[in-house]
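Pasting in a structure now, in structure tokens, and then I'll have a few things to ask.
Each chain carries a letter (A, B and C) given by its place in the written order, and its residues are counted from 1.
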Amino acid sequence: MKTNPGRFFEDYRLGETIAHAVPRTVSGGERALYHALYPARHALYSSDAFAQSCGLPASPLDDLAAFHTVFGKTVPDISLNAVANLGYAEGRWLLPVYPGDTLRSQSTVIGLKQNSNGQSGVVYVRTQGLNQRDAVVLDYVRWVMVKKNRLDAPAPEAVVPDLAKVVSPDRLVVPQGLDFTRYDFTLAGEPHRWGDYAVGEQIDHVDGVTIEEAEHMLATRLWQNTAKVHFDATNRADGKRLIYGGHVISMARALSFNGLANAQIIVALNGGAHANPCFAGDTVRAWSEVLDKAPTAAPGVGAIRLRLVATKQGAAPFALKGADGKYAPEVLLDLDYWALMPI
Amino acid sequence: MKTNPGRFFEDYRLGETIAHAVPRTVSGGERALYHALYPARHALYSSDAFAQSCGLPASPLDDLAAFHTVFGKTVPDISLNAVANLGYAEGRWLLPVYPGDTLRSQSTVIGLKQNSNGQSGVVYVRTQGLNQRDAVVLDYVRWVMVKKNRLDAPAPEAVVPDLAKVVSPDRLVVPQGLDFTRYDFTLAGEPHRWGDYAVGEQIDHVDGVTIEEAEHMLATRLWQNTAKVHFDATNRADGKRLIYGGHVISMARALSFNGLANAQIIVALNGGAHANPCFAGDTVRAWSEVLDKAPTAAPGVGAIRLRLVATKQGAAPFALKGADGKYAPEVLLDLDYWALMPI
Amino acid sequence: MKTNPGRFFEDYRLGETIAHAVPRTVSGGERALYHALYPARHALYSSDAFAQSCGLPASPLDDLAAFHTVFGKTVPDISLNAVANLGYAEGRWLLPVYPGDTLRSQSTVIGLKQNSNGQSGVVYVRTQGLNQRDAVVLDYVRWVMVKKNRLDAPAPEAVVPDLAKVVSPDRLVVPQGLDFTRYDFTLAGEPHRWGDYAVGEQIDHVDGVTIEEAEHMLATRLWQNTAKVHFDATNRADGKRLIYGGHVISMARALSFNGLANAQIIVALNGGAHANPCFAGDTVRAWSEVLDKAPTAAPGVGAIRLRLVATKQGAAPFALKGADGKYAPEVLLDLDYWALMPI
């Protein structure tokens, strides 16, 4: 067999590190495509001049584009035979990614737990994205449910990692040189500063985008994520293609500009759930809730913890969960992240 | 309210200047996407070597891509609550835009006139696109009909600016260094020079392109134009998304290569009407008429004034207006511009 | 007539060289778009660092993107009135193309043969792609059936060129400096080296991609190929748009990563047939067969000759031809090429 069958649950060993294939050099092309695929308008990621006025050498690649690039490389080794993408934790962006940088990924297995049915198990990995200087640009944990191939393979000792519910504010990494003391709120698009947001505040981001098959496939391929379900209409009985969850994350984040234009930089991913699948034809909207706030040591820079919820057509205002504690069927995404804002 | 409700008619003040948000650095990525979105083949915008043989330092960003970038920034402040985009005038391209340049926009209110129904009014703005050196790259007037929010707000004194019907040839700005004396007609794709076109001549550009939802949304997002109507299929009772008028302009201009391959550089926008809406599934064609010609002071460079008409399926040859003076229903666009050609 | 009616069979003269229009400078934008349009993952074309570790100055533009760019320029002169694209031969990639390079094309008529019905004829051209230093980057022969316009035009003397069935291994050009002795199989994605492939071996590349109208049009425009049939839904009675054959070539080649991840560089095109048309909605899969192997003089580099077959939904495993010697209706492409692999 020359082709890659993907790994099954019994193929993972606790503590092993998997070097993922196909490093990627990013350029202005990836940035332009990101802006064509999502209504992205955060000024720091749109303008070199704006980024320079904030102390950075140039406008970096969007934090989520860096995430998708790192994530995409893990798919052939981690989630080709995954039944479900169960969660994220302890995600931190450690270095901005600039055009010309080359990214690669590696993952360490930090937990394994076979399901009681004996047919699948949960694999926990800590994934790192590294640049051409072997510096870590991104570090996060995700866990997926993976099928077993040999059902008689013995169950490994169950190890479930102890993961932080939230990245502690003192562990957030502010990009070197970042300085928001001369931040231009007019060019950024909104006057609201860190001090204007209250914990518990909810923001409806108003705008909606109807998704097309061509768009989510362009996006998913750009990140070299080749999971069959996103591309092959013959793969499901109903002829639908399941949209990469990261496409919904980027769409919701871009929509959140309207009300959170100054939440410029994503520095941590506390957690996230892809509550329901998204398909072409769905119209995605988003709302946010301020979960926490924290100061940082950088001049003029505050951290804000946000819940970002993506919904589809038919959702009630600020839809989240029903009385049974389950996500409403119109909720697509429930994401928890830290961003940096001018204070 | 953290989100932007947009401005209503009563929110504009004569003489005020609005600095629009989200500056944008362009790269080779924007150029590649422009060529993927439109059948653009004008050699000066395709090849650095060709542009250099014409005296420019490199191949600039397509003039219409520069226009869309500048225009897109104005949408949140000017046309979010617009009922109609009524017209353009006095548009001039003043400097080429090159990869690496950062564009921003500002608009000055130069006219206001409340409609007799008291529910809306016309806002006239002069918009300027500026680069990272604060040099104006583009300057144009447009006017839009905008809803009132507070119907009891007093009508402003009616001021309708006196706008030139046509940009006078002596006001056209030829890019510094442009020299068409060694112009390579073979590489450009057609032998027809400025002297070969006669005022009154009409050209059917032959080719048609059927429009897809994914394409017009990619284009419109690339210019960071986030008007809801272009993206949200739930926004209209018939589930359609209205295509950004600029998408039709670029499509028609690109199609006009076939017959006007040497009308290389757009230097002025005299006027334009989006005669009828365009929707996905429409097949766009174009025809042109030579309206005027003028010499320029630059070596080998002549100016040609062109009417560019975009039509959709079912249009009669050279369709424009009916006996009633109204645009035929298959006419999408009627644009009047000056371009530069080798003499 | 200012527009280009295209050439008809009687317009070609044996031995004439046609300089094709619209040179093109490529950038990181073209590379990013190529990766968004196809599931391309060959590491040498994804990562500057990987390419440098193989002795190249940077990651080149994908070989097929270079091919499409050169090919696209020939369409207005060679195949605008073509009835069928009949074949390719003697294709060789002679120099890598890097971001910043400007490509142009020229074709020499090397054969002409009028069909017995007197209504069309076969035109054979040798096409060369040249860069801004006038160095040939690509050289190939293709032949097309072209309509006659003036049926009474005399038939030219029939000349059918003697074309090699296969590019001889000693004529393959290995990029200068290429060295696979320190090749990183882990980063490349598969462990299989040149020595692991046996002549006659067949590989099913497993994955499928369902094609969308927006995608093939974006791709075809990017290469400035403006053949009407790809864009104009009103051009056929059934309202379909015929997909550019090169789109299927690139899709199949990208899919072949799964099993041929180390067949990094395409150096020769021995032949190819677009067996059946492809339309939006088709799901493309691919399989390969090892046809031959040959050593090269470059360190660590072997050449492998591959048949690449693209199929659509409904195809039998390793579908190719029926008992009648005709391609099965689900076969889209039968391509024969040489690639370079680490030994």
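As a working rule, a residue touches a chain if its C-beta (ideal position, glycine included) is under 8 Å from a C-beta of that chain, and two chains touch if they have at least 3 such contacts.
Just so it is clear, the model here is predicted, and its values are computed rather than measured.
Trainee: Suppose a student superposes the Cα atoms of subunit A on subunit C; what rotation angle should they report, nearest 5 degrees?
Mentor: The C-alpha superposition of subunit A onto subunit C needs 120 degrees.
Trainee: Quick one: compare the interface residues of subunit B with those of subunit C and tell me same or different, with half as the dividing line.
Mentor: Mostly different residues form this interface, as fewer than half of the numbers used are common to both chains.
Trainee: Could you tell me the distance, in whole angstrom, between the mean C-alpha positions of subunit B and subunit C?
Mentor: Roughly 36 Å separates the two chain centres.
Trainee: Spell out, as numbers or ranges, the residues of subunit A touching 2 or more other chains.
Mentor: 27-30, 32-33, 99, 212-215
Trainee: Which positions of subunit C touch subunit A when the two form their complex?
Mentor: For subunit C paired with subunit A, touching residues are 27-33, 35-41, 43, 46-50, 59, 99, 186-190, 192, 196-197, 203-210, 212-215, 258-261, 281, 283, 313.
Trainee: What part of subunit B is in contact with subunit A in the complex they form?
Mentor: Touching subunit A: residues 2-4, 19, 21-30, 32-33, 76, 99-100, 102, 104, 132, 212-215, 217-219, 221-222, 224, 226, 228, 231-235, 241 of subunit B.
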